[in-house]
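In what follows, a single structure is set out as structure tokens and then discussed.
Naming follows writing order (A, B, C and D), and every chain is counted from residue 1.
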Amino acid sequence: MADSAPKVMSMHAAIAAHVHDGDTVVIEGFTHLICFAAGHEIIRQGRTNLTLARLTPDLIYDQMIAAGCARKLVFSWAGNPGVGSLHAFRRAVEGENGPRLELEEYSHFGMVARFAAGAARLPFWPLRNYMGTDLPRANPRIATVTCPYTGEVLATVPALHPDVTIVHAQRADAAGNTQMWGLVGVQKEAAFASRRVIVVVEELVDESVIRSDPNRTLIPGMIVDAVVLEPWGAHPSYAQGYYDRDNDFYVAWERISRDRDELRRYLDEFVHGVRDRAAYMEKRPGLATRLKAKQRHASGVNYGF
Amino acid sequence: MADSAPKVMSMHAAIAAHVHDGDTVVIEGFTHLICFAAGHEIIRQGRTNLTLARLTPDLIYDQMIAAGCARKLVFSWAGNPGVGSLHAFRRAVEGENGPRLELEEYSHFGMVARFAAGAARLPFWPLRNYMGTDLPRANPRIATVTCPYTGEVLATVPALHPDVTIVHAQRADAAGNTQMWGLVGVQKEAAFASRRVIVVVEELVDESVIRSDPNRTLIPGMIVDAVVLEPWGAHPSYAQGYYDRDNDFYVAWERISRDRDELRRYLDEFVHGVRDRAAYMEKRPGLATRLKAKQRHASGVNYGF
Amino acid sequence: MATVAARELADGEVVFVGIGLPNLACNLARATHAPNLVLIYESGAVGAVPERLPVSIGDPALVTGSLMVCGMADVFQLFLQNGRIEVGFLGGAQVDRYGNINTTVIGTYERPRVRLPGSGGAAEIAIHARRTVIVSKLSPRAFPEQVDFVTSPGHRSGGVPRDALRMPGAGPVRVITDKAILAADPEAGELILAALYPGVTAAEVKASVGWPLAAGRDVGCVDPPAARDLELLRRVLDPKKLYLKG
Amino acid sequence: MATVAARELADGEVVFVGIGLPNLACNLARATHAPNLVLIYESGAVGAVPERLPVSIGDPALVTGSLMVCGMADVFQLFLQNGRIEVGFLGGAQVDRYGNINTTVIGTYERPRVRLPGSGGAAEIAIHARRTVIVSKLSPRAFPEQVDFVTSPGHRSGGVPRDALRMPGAGPVRVITDKAILAADPEAGELILAALYPGVTAAEVKASVGWPLAAGRDVGCVDPPAARDLELLRRVLDPKKLYLKG
């Protein structure tokens, strides 16, 4: 039911209301539109025992692991894209005493299929995959089903139902009708699979902007619980048409994350040391100028009849 | 493999090359973008023994059934939307001598799932459906599968792999990269499920138009075999942003299709009696003026970085 | 019927709209007591605000200015099967004692006397919408004891109740007719008389139904349409009388 | 390696591009002998024409001006599982005798000595792409007789050949290294020496591989990179030497 309570709120309020200790949390986005601002607020509010799920844990989950938020990681590729390793993740997993972080591991297709099943409210999703790989041995939740028509044995993964999914997007209206462009990853499926949805946007727009191009809407307001206006909230990830990826920071993370103390200093200064994303941006003069997107406008379309 | 042979051709050439007697043919489109021009050319070229598949047979399949093209119908709703019956279809199915047209019947969800399975090259698709209905009794291809995690029994439908799918769209480039907006139905899935794909467009545009808004592309050129420029090719169906649905004709079809002779006269005049869609439009002066779409432009988006 | 059906909708609900009277009822509700009703059409239009009365569920007026347009795979998987639809409207050539609906054939499936359009999305709406409302004119032909073919299941089909068949939705809670409102008995799932239109007798309704129609404990009286609603229907929502026939 | 890998691509092919050297190789092929190469990235960009060297497979430069951007459910279901990808590039920490690749762990899965990133899309690319090309620098550590963990299956995994496991694609047909090209023996599926870089001896290559490397019937000599290709790589495609290290 479309709730009539106002959904637009601060990041602090959204995380306080919708992310609880022990939750399964998804901050999705494939390189693009990863909501670092939400991850930082979760760290600031001291959430623990979270099951963090997403295809590519990226720097934000590395920070959350380092900050002690995570009990378990559900994923398919845990690296620093284009750079190297996530060292907080590796420290939590490698070594003779065994992992301090529980892992549930798939491939990208497997994770996508888990979200697709969750979004469709099916208990499983079939895929032609995993024959010959050791992944089902490492993860017994990868199972099989037999086709009732051909007798073929297909792989299956179980549905994933996050407690909360956080999606960063270019724009939404106050009711949470959300439009995204550029790489859209698996955000639609994750949102529909989820019990609660927080949308964080670069721009809060009038409903008429959304209604002018309804095919662009990926997430309808009826499944959204909170809308947060947080410009630059995806930095060092990017927002197509708004700002570029801060590759320098991804490269720097290799050095920062290798060293526990340096990592702690980073969190102290840029996460605990700021109140919100606006304060974070104030600490980085010149960033907005350096990364601001150039103009490349889409050809128009007509919706008249 | 992206073929280097030119794909842009006339409707006559596209149907001659890609639609053969006995094929399973899909002309999709949910009310919107139904390619009547392609159906008429199939009738003109005298194709027979076709298996016609689509969710809503609509007037175009009624005409193709009346013209003797069809051996079998695979469908989920056979009516004149908003008006009443498809009488050629009914005559072929009703009566004491039993149907002259083989039927394979699903619900909309079942047909969508068949295309989804075909597009994903899975032999079946699971759906939570059909409990309590008589549809599985009427169609034994609706089967079941047991979830390997929960033990739930779910319905299944088999993949549908058309020989050829014909999609009408607002615009494409010469390589067949195709953009659509407004109702998009199940066209993407049908095209990916199909062995061959014909795209028919209102406008043939430069590749740069497509590349200016890549999220709008629904069908990539690499799966397209022929591109036909055929303005007004969807009439009496419609093309959002180009022309409105000709409801008067849908209403008139009730009368035309009730009477075999009147239906034959219609086909003689408007299908066999014209060479192509341009000639068809010449027979209807005033139509373009009456149905031409008003302007309702989408808000712009920026793809820069 | 349109005004009575409109009352079934609460503000803010998400409703899967069929064509014809249900469409009129939903747009009337949106124009009156339920401005935040979210209209979803199986064609893929979500949050539609049609400027004219749509002549089909795929009308371009449902797209222009809507909140979202998605493909039909999403409509059926992400919205309907996902459990996001609160109310679904259904109609049909036959409605039986347990609210089963037939839109497939009169006669046998193999040798139909009358071939109807078939399910469309009705089977899955009947199974998944959290509740459904049936809209149909009353007549013995339209309300047999048992339908010739169960297209869309009601409260018992083949004698088996919904929950034993593991259907997610609650099924047809109300049947809006042109003479009375029927409701499903919460235990037996049988349709019983719930309320009469002004001037209609229970005997008249019972004579129009193919089974011994029971009456609920308190058979109410249906309020006549408000003048404002009739005005809206006739002047604004259906000025061409596309659906308001007779 | 980039120039040698680029030669594996024919004009008009549809190639699933990984990051790093494969990306460079694909863009080099597109700039030279294969202008109609269709580059698909697992991020969802189809027909990308990056204006700058992408620093990741999710780089915004892959989106701007591409032919199509789709969600990842479509990438894996409609493109990859559908069989539309002709060539996939793979790399990994370990490649074994049968072309199995490990990008998951060094050591045991439960107590890894080195935790690698994991599969990403590699497992399904290895299974579905019509053929794959592996790109990896030669060393005994990188080419053991058997990988610690099979992330992406080659021609035999656990002793069972691909066709018995019903894998749609043909598997790794070539392995491009910095000293030689290995190729899969069509029958046994074992990697054998196919061609040597100028100045490299077969003995040198055999010493860098953890199994007794057989040689193909005609061990060829790899042509050195054309001056034009090196110029393109150094001046246009990777001027910042993001991938062209050392």
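By our rule, contacts are C-beta pairs under 8 Å (C-beta built on N, C-alpha and C of every residue); 3 or more make two chains touch, one makes a residue touch a chain.
Owing to the predicted nature of the structure, the values given are computational and were not obtained by experimental measurement.
Common partners of chain A and chain B, by the touch rule above, are C, D.
Among the pairs A-D and B-D, the greater number of C-beta contacts is found at A-D. Using the average of C-alpha coordinates as each chain's centre, D ends up farthest from chain C. Here the spacing of chain C and chain D, counted between their Cα centres, is 57 Å. Averaged C-alpha coordinates give centres for chain B and chain C that are 28 Å from one another. If each chain is reduced to the centroid of its CA atoms, chain B and chain D end up 40 Å from each other. Each of the following residues of chain C touches two or more other chains: 45, 60, 63-65, 69-70, 77, 81. Within chain B, the positions touching two or more other chains are listed as 121-122, 127-128, 152, 181-182, 184, 188-189, 212, 215, 238, 240, 244-245, 293, 296, 303-305.
If the chains shown are joined wherever they touch, the resulting network has some other arrangement, not a path, ring, star or complete graph.
Pairs of chains that satisfy the touch definition comprise A-B, A-C, A-D, B-C, B-D.
Across the complex, chain D is touched by residues 1-4, 119-122, 177, 188-189, 192, 207, 210-212, 214-215, 217, 220-223, 303-305 of chain B.
Touching chain B in their complex are the following residues of chain D: 11-14, 36, 38, 45-47, 49, 60-61, 63-70, 74, 77-78, 81-84, 86. Across the complex, chain B meets chain C through its residues 30-32, 55-56, 75-79, 81-82, 85, 89-90, 93-96, 98, 105-109, 112-113, 115-116, 127-135, 137-138, 152, 181-186, 188-189, 238, 240, 244-245, 247, 250, 293, 296. Interface of chain C with chain B (complex): residues 19-20, 42-45, 55-60, 63-65, 69-73, 76-77, 80-81, 100, 104, 109-115, 117-124, 127-128, 149-153, 157-158, 160, 162, 165-168. Those residues of chain B that touch chain A in the shared complex are 121-124, 126-128, 141, 143-150, 152, 154, 156, 158, 170, 179, 181-182, 184, 209, 212-213, 215-216, 238, 240-242, 244-245, 293-305.
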